[in-house]
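Can you keep this structure in mind? I'll have questions shortly.
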Amino acid sequence: MEAERSLRHECGIFALDGDADAARLTYLGLHALQHRGQEAAGIVARDGETLRIHKGEGRVHEVFDDAALRSLAGDSAIGHVRYATAGGGGLVNAQPFLVTTRDGNIALAHNGNLTNARALRTEMEERGAVFTSSSDTEVILHLFAASEQKTAINRLVDALRQLEGAFCLVMLVGRRLVAVRDPWGFRPLVLGRRGDTWIVASETCAIDFVRGEVVREIEPGEMLVIEDGAVESLRPFAKQERKACIFEYVYFARPDSVLFGHDVHEARVRMGEVLAQEYPVRADVVVPVPDSGVPAAIGFARVSGLPYAQGLLRNQHVGRTFIEPTQRIRDFGVRLKLSPVPSVVRGKRVVVIDDSIVRGTTSQKIVRLLREAGATEVHVRISSPPMTGPCFYGIDTPDKDQLVAARMDVARIRASLDCDSLAYLSIGDLRRALGTAGRGTCDACFTGDYPLRPADPAASAQVPLFPPAVPAGYSR
Amino acid sequence: MEAERSLRHECGIFALDGDADAARLTYLGLHALQHRGQEAAGIVARDGETLRIHKGEGRVHEVFDDAALRSLAGDSAIGHVRYATAGGGGLVNAQPFLVTTRDGNIALAHNGNLTNARALRTEMEERGAVFTSSSDTEVILHLFAASEQKTAINRLVDALRQLEGAFCLVMLVGRRLVAVRDPWGFRPLVLGRRGDTWIVASETCAIDFVRGEVVREIEPGEMLVIEDGAVESLRPFAKQERKACIFEYVYFARPDSVLFGHDVHEARVRMGEVLAQEYPVRADVVVPVPDSGVPAAIGFARVSGLPYAQGLLRNQHVGRTFIEPTQRIRDFGVRLKLSPVPSVVRGKRVVVIDDSIVRGTTSQKIVRLLREAGATEVHVRISSPPMTGPCFYGIDTPDKDQLVAARMDVARIRASLDCDSLAYLSIGDLRRALGTAGRGTCDACFTGDYPLRPADPAASAQVPLFPPAVPAGYSR
Amino acid sequence: MEAERSLRHECGIFALDGDADAARLTYLGLHALQHRGQEAAGIVARDGETLRIHKGEGRVHEVFDDAALRSLAGDSAIGHVRYATAGGGGLVNAQPFLVTTRDGNIALAHNGNLTNARALRTEMEERGAVFTSSSDTEVILHLFAASEQKTAINRLVDALRQLEGAFCLVMLVGRRLVAVRDPWGFRPLVLGRRGDTWIVASETCAIDFVRGEVVREIEPGEMLVIEDGAVESLRPFAKQERKACIFEYVYFARPDSVLFGHDVHEARVRMGEVLAQEYPVRADVVVPVPDSGVPAAIGFARVSGLPYAQGLLRNQHVGRTFIEPTQRIRDFGVRLKLSPVPSVVRGKRVVVIDDSIVRGTTSQKIVRLLREAGATEVHVRISSPPMTGPCFYGIDTPDKDQLVAARMDVARIRASLDCDSLAYLSIGDLRRALGTAGRGTCDACFTGDYPLRPADPAASAQVPLFPPAVPAGYSR
Amino acid sequence: MEAERSLRHECGIFALDGDADAARLTYLGLHALQHRGQEAAGIVARDGETLRIHKGEGRVHEVFDDAALRSLAGDSAIGHVRYATAGGGGLVNAQPFLVTTRDGNIALAHNGNLTNARALRTEMEERGAVFTSSSDTEVILHLFAASEQKTAINRLVDALRQLEGAFCLVMLVGRRLVAVRDPWGFRPLVLGRRGDTWIVASETCAIDFVRGEVVREIEPGEMLVIEDGAVESLRPFAKQERKACIFEYVYFARPDSVLFGHDVHEARVRMGEVLAQEYPVRADVVVPVPDSGVPAAIGFARVSGLPYAQGLLRNQHVGRTFIEPTQRIRDFGVRLKLSPVPSVVRGKRVVVIDDSIVRGTTSQKIVRLLREAGATEVHVRISSPPMTGPCFYGIDTPDKDQLVAARMDVARIRASLDCDSLAYLSIGDLRRALGTAGRGTCDACFTGDYPLRPADPAASAQVPLFPPAVPAGYSR
């Protein structure tokens, strides 16, 4: 699925308190979270009472140069990587946000999606608020600034209690670093250490990358207040049923992360194993769609006894500036990203393994690619269930009518892919593969069983809140 | 004085309603106002109900490319050029501002400086406001959003009535373009037409440049509401004594503008004439400091009968990326910007004419340059009075202790410049040169007679309001 | 090995005659050859009698934008990708070369390395030649221009007959496209078609990528003259023993290419199989160094019966602008490029498979990485023999004293890597794995059996010919 | 005339021997020569025996950054600024040239134009030479490399004796810096000192700018060989009649330069004085076309007794990236560069002074601009004769059929400009104004009296020599 990036996370966050190189370590941490967002990146560093920001559109190594990192002095920092959605992109929505309120300067970075953002926003506007972006994050800041509680922490709790939906956030306020995970626990958030330094990150791989140790998952509904090297844990929210995102296991999280307490890579290999048990096929070779299909293909090969082979090569990263061929020499499509290895597939019955199908167009092209390279049969096996609904909790899915499994049953999808057979894991298969990791998860995108419904689902999940004011872009 | 840019305006504004090429004409208009601000530029265009923005750091032709202008569709637009002050620069303070309030999307661009900005800001923060910049403009937007008046125009009036200080502003709200000039009239603002299109600009040269006709000055305290081709004039403020900035005549306004109803170039030539009448000198040649000293030097030569000559050349624009020579080959200073013409000054008694002296360092270097090129005597004549105080109404002056005339009398300044004689116009001379143009002006920077005092003068005029949150910069 | 890029090819070439989109197809072809050179790229297109060039430093998609491709009109084109060697990089050595001689405008692109370049160059200089680069390619052009033969083709033959070493070249001269492979056949060169269009490329993957058909290998010592859709084959050289580069099989060629008539991917899987047969090990898991170790690891796992697993992840491409961590937080090294997957290696005996070891520093870091991630034993298996000597035929190898296998025997290398066991394929094993593909190959880097010796080996292979005139770089 | 840049020099050169900051001083010197070429700039520095180069397209401060200057270590340097002609631009023709010949590494920079370049080039090609550019400079290098003389200096003399036309050149060869001016002395070249450092420059203003002292003009036909702080003067050429370019006085040289021994600014003021004596007019005000018309306007005003005034303002430098208005709002033309000052010209009879008319289109627009701003009469006075022929000696003039004075007499030009009167200086007037400075000059562009004729004039002067190989551009 990676080849087309149909699904894109909206955020990764990283924060750190207690190292004189706070911004540089945050830069490295964000690099390790780059898979969670490649459209914009930003860091706020705190030096005594001064907050300094640098953010921009692009990937981490494009946004920051040495001068930028040097300017971000201080021993605390928060950072953010994000995807821009079609209508709400641009620098104006890049994070962290840095603002002034009666609490002085505040920096906030947020991963998630609020289901009641629009209602809260309208309410704040009625009270005289001025919004400068379409971001949910700004809604949180307004609730915080408007709270009549006496202390900054109480104002933050007051604000957060009004939120519904997915939110993992890190905040610099006064001398504190605050980290919060919503009571449903949709998105991952972990605590780590590196000597005397506290680290908060979306995934464990970022803590590993900066050579820290993972301490533990931050619990759903937990708020950590880090100050002067001490961590205080608060539980400001009413308890909710745990709803950790099952799709993080299927695709999003990095395979070397420990997610919600479980190994991601191992989970994916098991998905491939179950897939082979439940949907076996007479074939000659098992080929993954690189890179996301690799672990499940290994599992499939292991159980099926079929040889695993590298039948599709991922091409060099072509970058955003690649010039697409003209109309006359068009139809390159997926070829720019994937090349078949003829010696592997020629004359073979090929099982091709992918983690998921979103729109179906890429899978279609892959089947054709393999046939053109000489495969005699192509059997598609998907290591997750058919995706039938959008996510309202922080993943940027296409509209429901673009999800192929929302429009067709498996037989018709098979026909449209023109493959010899097609099978998905069922939701039961997936849960079985996950074992204990599958408990307390949100599987709404596969089952339609949404734990929280946006008042106006389209609005919250898909439609940018700021449509009449789309920034045309910023130069420099 | 231009050679050192010790004084820098903070803004120029341009707005236009009723032309399908609104953004392109605004681009041209801003180009003609480039002398009023070279650090950042921005345009918001209105296309039906959609507002689109493009802004960036740099000069107008650097910030906008063709793609940017194409993206700014629509038949109304407002634009802004600005200087960044030391602490408050960066894209975060670039204008126009584009925000959402209960009135929907609002765009605002502002030229001036509020003397009560800090107090208003603190008051809004207490009420729960979230500020994203240190700009006075955002204060105005918050007052507008928080007003409990029933209509957008009444909310704007309510907001503006709370302001003290200099403000010329243009605003897109709903289907209207609004233009306002503060009741003291510190900064210029003019109304023009171009066929059926209404234009508002800081100076007439911008209206001339887009081939429009100047209709009239927008009066101090006047608010124009332009909608569907009609202009309504409102007078929402209590009447105040007119306080048009006298320094616009001396230096800031472009010589081809008609300012507050009077020709700028003609006024400057007359300043040079009065200077020659009152402070004559036995000399061989009159040399202007290019480009700002040229008109006064022409006037001086005309009355004194001395020959006018081009004894100083302005060098090619070196740009911000020019590499300063190393320490070993240093002391280039003003030489990078001005070159003496030896054949003009060698063996001559030179009268050098400039419009003003700010810190005195450039004048010192110019005198040395002329002596090194062979001038036998150097007489300095300044076509304005000694500048003894900062401006609180929209000009970015250095701190008072950096103004040479605030620290020394004329005799000591002469000694520090090492010139053979030095004379300034007195304030009476300047008024006499200006004639009727000199009535109803603010001359506080020369006389200390401030019409409005900031509660905390340092704060309002010099100190950035947002010091702990200086953005380190943005990439792209 | 890819993680460190210790060995880098010097070139890939692509040429095409007979398509109105010649430059765009060449752009695509060069993209498919990007693995053969990432430091510079260039295309010359021929439009009637006009040759136009665009070249620059960087990767193909960085060097060309749409305007550049549009400017390269015409139905013939030649293109080149290259690595810069330490001393001889810069735009001045980027290819193709475009010059004027008595034959008019000539464009030439070359892959290889001449062993008698220095001698020829000195000789030409004595005769009055002016060199503008340190490239072997310019030597060929001078020989061509200085030849006293009567026709352009004869002059080219005259020039080529004086060359010793590796050369695959494509040339636009007059109305012809000429392609030549040296009589030893060191580097690959293939002929393809796409309808009526003839294609010449370093590897078959480039022909596949533009959806052409591979016709055949261009033979060692063959010269093709393509004109008006016809291909003429000449044999201008004395016959030599075939010396196809064995290292193309080991590492350089793309796995989906057919090299010297044999499948590359298949050859690599067989190397892993032989490695498992000859150097088995008691272990729990087989882990490739991505991406170059993958096929051999698949082969090793297949024969050994050990499970194949993705125990090392290749990180996102970090780009040249990545800011290395400061000294305080240093020692990231290979971690920036590779991450271990703890769940795969923790508590396991790991066999790690790589295609080759050059300096040994990366292998050392990989072993440490795996141990730190919890591997109980680390066994290194290399799918080629110890590399003991530099290449003089077109691969940019480090100096001999930097090749770890030139300084130590296998036991000492094992100790320096701190791994539990280490084995390389022997040259006999490698030949056995290659089968018929192993016949007529050059294996000098493994055996020291150099078919041609440079007069001054250091000079030809390592030392830039142009040391006193290293260009400091070009802007724009 | 400056407003349209119809005439553009092809080069300025600067060289320096004996200062550890050689490249930085050369950077400053080139900056002072920027008016002689704005399309490309380059420096070669010599550090012991190593030559390093940096060159690029753009202006001096755009091409060089601090890293580039740091890389150019050494105590000798030569530099060059140039204009690109239509067909022969691009980096490939940027100077200096850095090549290898039997004399080792050689760097050469050249200002001028050879009238026998094409013939020499063809001859060298016949002898087997390879040309990489269309530049005359490369022809000189080939003659030098091919000479059979025994020493480098003799080879250079041998080469130079074959040249016809204009050539001022500086060369680094071995340990020497060589400077040569052609025997006719078409272009200026001066010698200066700065302590123990020798300087060679196109104009004295560059020597002044780096705070050196002008020693003397380098004589026509003189060759200086500078080595170890000593200067040797050679006279290798047959004596020719002096033919210093008269147009350097009229327009090209900087007004603060001493040219061929005479003050430029003073010469221009005298041209204006003679113009007023010979072609007086009843008018109200004298207005220069800035900046090139200023000195002559001062002279005209002085003699005529009419007031001098700044009736046209030169606008801010708009840069190459300025977006031209669309068709709908077009016809900005010269307005983007010049603005009339209404208060100066309204209701007035205006004499507008310019240094020359090339195509006539700009003058036409200026007349219209002044009329639209309210001038009642517009009288045009030109401080040089009608330009009737192209230059073959180093100035990039348009084709003869684009020179308005080659197509029309003065009466018809007046009509086409739509001005009330028009007068040019005659060649006799111009000589009279110049006095002794006018002796030994080339005035062929005014008189058709060409001292040397190119075999094929069109080819040498206008047509690029390299038409079939126009580089499409280089990236980075």
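By written order: A, B, C and D. Residues from 1 in each chain.
Everything below uses one rule, namely that a contact is a pair of C-beta atoms (placed from the backbone, for glycine too) under 8 Å apart; a residue touches a chain by one contact, two chains touch by 3 or more.
Values in this document were obtained by computation on a predicted structure and should not be read as measured data.
Common neighbours of chain C and chain D under the contact definition above are absent. Counting only chains that touch, the fewest steps needed to get from chain B to chain C is 2. One finds 37 Å separating the Cα centroids of chain A and chain C.
Our note on geometry: chain A versus chain B, Cα centroid distance of 48 Å, whole angstroms. Chain A and chain D, compared by their mean Cα positions, are separated by 60 Å.
The set of chain B residues touching two or more other chains comprises 62, 64-65.
Contacting chain pairs in the structure are A-B, A-C, B-D, C-D. Only residues 49-58, 62-65, 68, 71-72, 91, 97-102, 104-105, 125-132, 138, 141-142, 145-147, 466-476 of chain A touch chain B when the two sit together in their complex. Residue ranges on chain B touching chain D, taken from their complex, read 20-21, 24-25, 27-28, 31-32, 34-35, 59, 61-62, 64-66, 69, 205, 208-210, 254-256, 258, 263-266, 269, 294-295, 298, 301-302, 307-310, 313, 315-319, 321-323, 325-326, 328-329, 332, 335-336, 339-344.
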